[in-house]
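So the structure is just underneath, and the comments pick up after that.
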Amino acid sequence: MSTEKYILRARILKVLLHIFLLFLVALILFPVCWLVLNSLKTNQEMFLDSMAMPKKWMFENYITAWNKGLVSYFVNSIIVGALSIGIILALSSMLAYGLTRFHLPGSGFIFILVLGGMALSEQVALVPLYKILQAAKLYNTRAALVLPYVAFRIPFTMFLMRSYFISIPRELEEAAIVDGCKSWQRFTKIILPISKPVLASCAIVNLNHVWNEFLFANVFLENKKLMTIPLGLMTFQGDLKSDYVVMLAGILICSLPMVILFLCMSRQFVRGLTSGAVKG
Amino acid sequence: MKKKTNLTPYLYIIPGLVMVLGLVYIPVIVNLVYSFFHLSSYSSSMKFVAFDNYRRLFTSDTFPIMIRNNVYYCIISLIVQVGFGTLLALFLESRLASERFKTICRNIYFIPSLISLTAVGLMFNFIYNPQLGMLNTLLKNIGLAGMQQTWLGDKNLAIFCIIAMSQWQFTGYITLLMVVAFQNVPHDYVEAAIIDGAGPVRRALSIILPLAKEQLLVCTIITVIGAFKLFTEVYSTTVGGPGNSSQVLGLFLYQNAFLHDDMGMAAATGVLIFVITVTASIFQLKVSRSGEV
Amino acid sequence: MKKNLKRTLSIGLAAIIALSLAACGGSSPDAPAGGGSGNEAKAEAGGKDVKVIKLFHRFPDDPCNAFIEKKIAEYEASHPDIKFEVTSAQNQPYKEKIKVVVGSDECPDIFFSFCGEFSERFIREGLLMDLTPYLEADPDWKASLMETQMNEYTTADGMVYGIPFRLDAKEFFYNADMFNELGLEAPETWDDFIKVLDAIQASGIVPIAEGNQDKWPGAHYLGALNEQCVPDDVRAKDYDPKTGEFTDPGYVQAFEYYQQLVPYMNMGVNGMTHDMARLGFTNGQNAILFAELVEITNIKQENPDMNWGMFKFPTIPGAKGNPDLVSGAPEGFAVSSKTAYPDECVEFLKWFLGAETGAQQAVEVGWFNASLGVDEGLTDPSLISAYDVIANAKKMDIWFDNALYSTVCDEYLTQISDITNGDVTPADAMAKIQKVAAEAQNLAQ
């Protein structure tokens, strides 16, 4: 009797949970679907009834959006993203390695110092950074984005990597030390290969940040040829004339790459963050 | 020979440290200095004004509005993103749904956080639009035309509309981070609890959550800091309007620096953001008594 | 071994940093983007020095952007020693960006600048070039430009700092079919205007299309109302940041007149942008739109078949201001005082903003510059009547939001937005503006 009741209760709970989770899925996806629908209409149609089906499916909105300069925004975002991620990963992993493997005097302090950078927000540094970049003749170059991105992303990345590195058993390295491997070799031949999951996770987290960053890009860039996607999207919003449906198409085009990348790599991403793979 | 050995490790540390010190710490300190001056981006003159920037900041009519808005954002984000997000993560880690279903849900919840803030801002501009927006059209179609609102154009609603948008975007992010933390909880602990006859609620409260405490702390700190550096969300939707009703510290800083050319005032606002975020972080660390993180 | 390691490490590091710097520096606009084309140009010009002129404008939308690009390409073809580097931004970002670059070494040689306080704050820092000597040296050029418009680009001391690219004014546009159907005529006085609005509303149509999310559209109403309610000399004193007080009762009055209009506007004024509200007008949901002449191009694009007319902002009998002013301003280009090629810049502007280019611009873009006779080739009756509005104006009164010091402007826009929502009374609104104006007096010193 009681087990039957228990099973029944569990079943009801199960159904309710499924309904709830599906409701949330709808909440997330409904606005997106509405956008997709309207991105396939004309401005007039959208204005008159944004819920109606388009009379004619305007796929050319996407072509118009793409031709409005999205290509170059994409290229810029990719360049800035790749440079930033490369440098962030290189410097953060070295930093995390240096802090976890040598028992240095002061390494605790350095750790707190670097981690403290996480609490400092971009806005606080905005005005001086802008003046520094201008004085260094870097204003309105890609370096004006890459350097601050790197600096502001090192703390969090170092933090993620450090906890992963700590979980790597020492024995792995000890064998190498016996073989006469020096620290750089141990770092590149043992630690980095074994850390692929966390490197991948860090890459995605940072790429997402860099890909979407707006404040620095908006202040440190002026040249349209260097603009990244978030900035480029804002230029779709005209003052006296906005082409809404094309803007919607542009938003969707720009959002797709990260979403696809994530869906393809979500398993590795989660695994890297859980670091369960090496947890012995 | 020994001294030389000791130098090597620093070579790993120095490049990263230099970047962080040079491009994060030094600007923050310089910002503190700037906050005591009148300065402009296009004239080189700097005039020392002591606390005048702060006086103007604290006495401006916008000041209480900004603080209120940032605090609203912070509290609601803590409740929805961290609170509800964690609950959602527990659901997603419970044994009531199939692995596949849970993974799909989790991934869908995460998607909004992959879309750039400006894109989401522009999107919600449409969703909230009084004339053609999704919300008002939806209300009309289900016969609730009386509940139609101006949303972003309403003084009392604007900031909440922006906050709601952020919850839509970031709850799934926190959920995923928490799922990851829960997966890190060793299985034997949970199994042991089940053998002891602990129900799902007790398991969550006494085993899973305590073991994921550090992640929860990180999420809380990220959320609080994020709340006080809020900028893009407002810039891409209301730009502080209508009136000043959705003004926030980050946007105020930006407008002073680059619209009113009042870099000193911007720097003073920056110092305020700095003080708030750092205090909040230290406070949370103290409360959690977790010296490790 | 130790040494080796350190060497590899430092080489590796140096490589990373050098690589990143090279990649960043290499992709900077000075190097390949502008410089590359500059080199080609050098070869074409047969080794002569190429002068690179940077131009920054705020018209990134077509057809205007395409027109500018086409004209610059033409100019480059006929002047092989000159190369242009053109950048552009939308209105709001432009206002932020230009303030950032204007004082730096990155300052463009020629850039868009609103007339009035927007430019005068640059002039106070000596950042704009005085064009007066060039105009004096070329009397034909000076005579070919419309005087009412050039006045707006002249300081009180007589310094000319810009040449107009497009002329603009604000008028009420109305749906002529709706007016005919209801037997209404374009109003001339305020009372007539209210009667017209009542009649339209009674017929079940929301009379005025208005979107104030970006805050400047409301400012244009207030600018026009202030012109009528506040005497010219008082406004001139108040719009100057060093003496601005805004204590004249006319300002409160202007707010009260604006309040009268709000009930006739569409729902959600503050939640919509101006161009979205315009769709309400061009789609026949609203009868009246307060819009700029430069928007005629957009109106025709959105609804080519629409039958519409224009009327001037209604006069308020008995008000103390000046009813003859036309609200609007020329928008044009200024030259940086730091430019290495002042003569070349002026030479270019003479052509680019001259009668010949202007006539083509009028036909292709639907915008006029300040050169006399640019309307001669026009066949479109709506553009001709638009041109007449400006040509017949005795005196222009520049956009309200460009006339004010930025913090005062910000406060004014905030108050207009609040008045529109009914959140503040006119008297309270003015009190807040007065407070900011007093603060601005210190800042502008």
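Couple of notes before you dig in:
All chains are identified by letter, namely A, B and C, in their written order; residue positions are counted from 1 within each chain.
Simple rule for what comes next: a contact is a pair of C-beta atoms (placed from the backbone, for glycine too) under 8 Å apart; a residue touches a chain by one contact, two chains touch by 3 or more.
All of these numbers come straight from a predicted model, not from anything done at the bench.
Chains that touch both chain A and chain B are the following: C.
The highest number of C-beta contact pairs joins the chains A-B. With centres taken as mean Cα positions, chain B sits 15 Å from chain A.
Here the spacing of chain A and chain C, counted between their Cα centres, is 37 Å. Multi-chain contact residues of chain B (touching two or more other chains) are listed as 8, 11, 15, 41, 131-132, 258. Residue positions 47-48, 130, 147, 183, 219, 234, 237, 244 of chain A are each in touch with at least two other chains.
For chain C, residues touching at least two other chains, in rising order: 2, 5, 9, 16, 92, 100, 104, 214, 276, 280.
Listing the residues of chain B that touch chain C in their complex gives 4-5, 7-8, 11, 15, 38, 40-44, 56, 61, 128-132, 148, 150-155, 238-239, 241-244, 255, 258-262.
Only residues 2, 5-6, 9-10, 13, 16-17, 92, 95-96, 99-100, 102-104, 121-122, 125, 127, 212-215, 266-272, 276, 280, 406-407, 410, 414-415, 417-418, 420-421, 423-424, 432, 435, 439, 443 of chain C touch chain B when the two sit together in their complex. Residues 8-13, 15-17, 19-28, 30-31, 34, 41, 88, 91-92, 94, 96-97, 101-103, 105, 107-119, 122-124, 126-127, 131-134, 137-138, 141, 168, 172, 176-177, 179-180, 183-184, 221, 225, 228-229, 231-232, 235-236, 249-250, 253-254, 257-258, 263, 266-267, 269-271, 273-274, 277-278, 281 of chain B are the ones that touch chain A when the two sit in their complex.
Against chain B, in their complex, chain A makes its touches with residues 10, 13-14, 17-18, 20-22, 24-25, 27-29, 31, 34-35, 38, 46-51, 91-92, 94-95, 97-99, 101-102, 104, 107, 110, 113-114, 117-132, 147-148, 150-152, 154-155, 158, 183, 187, 208, 211-212, 214-215, 219, 229-231, 233-234, 236-237, 244, 247-248, 251, 254-255, 258-259, 262-263, 266, 270, 273-276, 279. Chain C makes touch with chain A in their complex at residues 1-2, 5, 8-9, 16, 20-21, 23-25, 27-30, 33, 56, 60-61, 87-93, 97, 100-101, 104-106, 214, 273-276, 279-280, 283, 292, 294-295, 298, 301-302.
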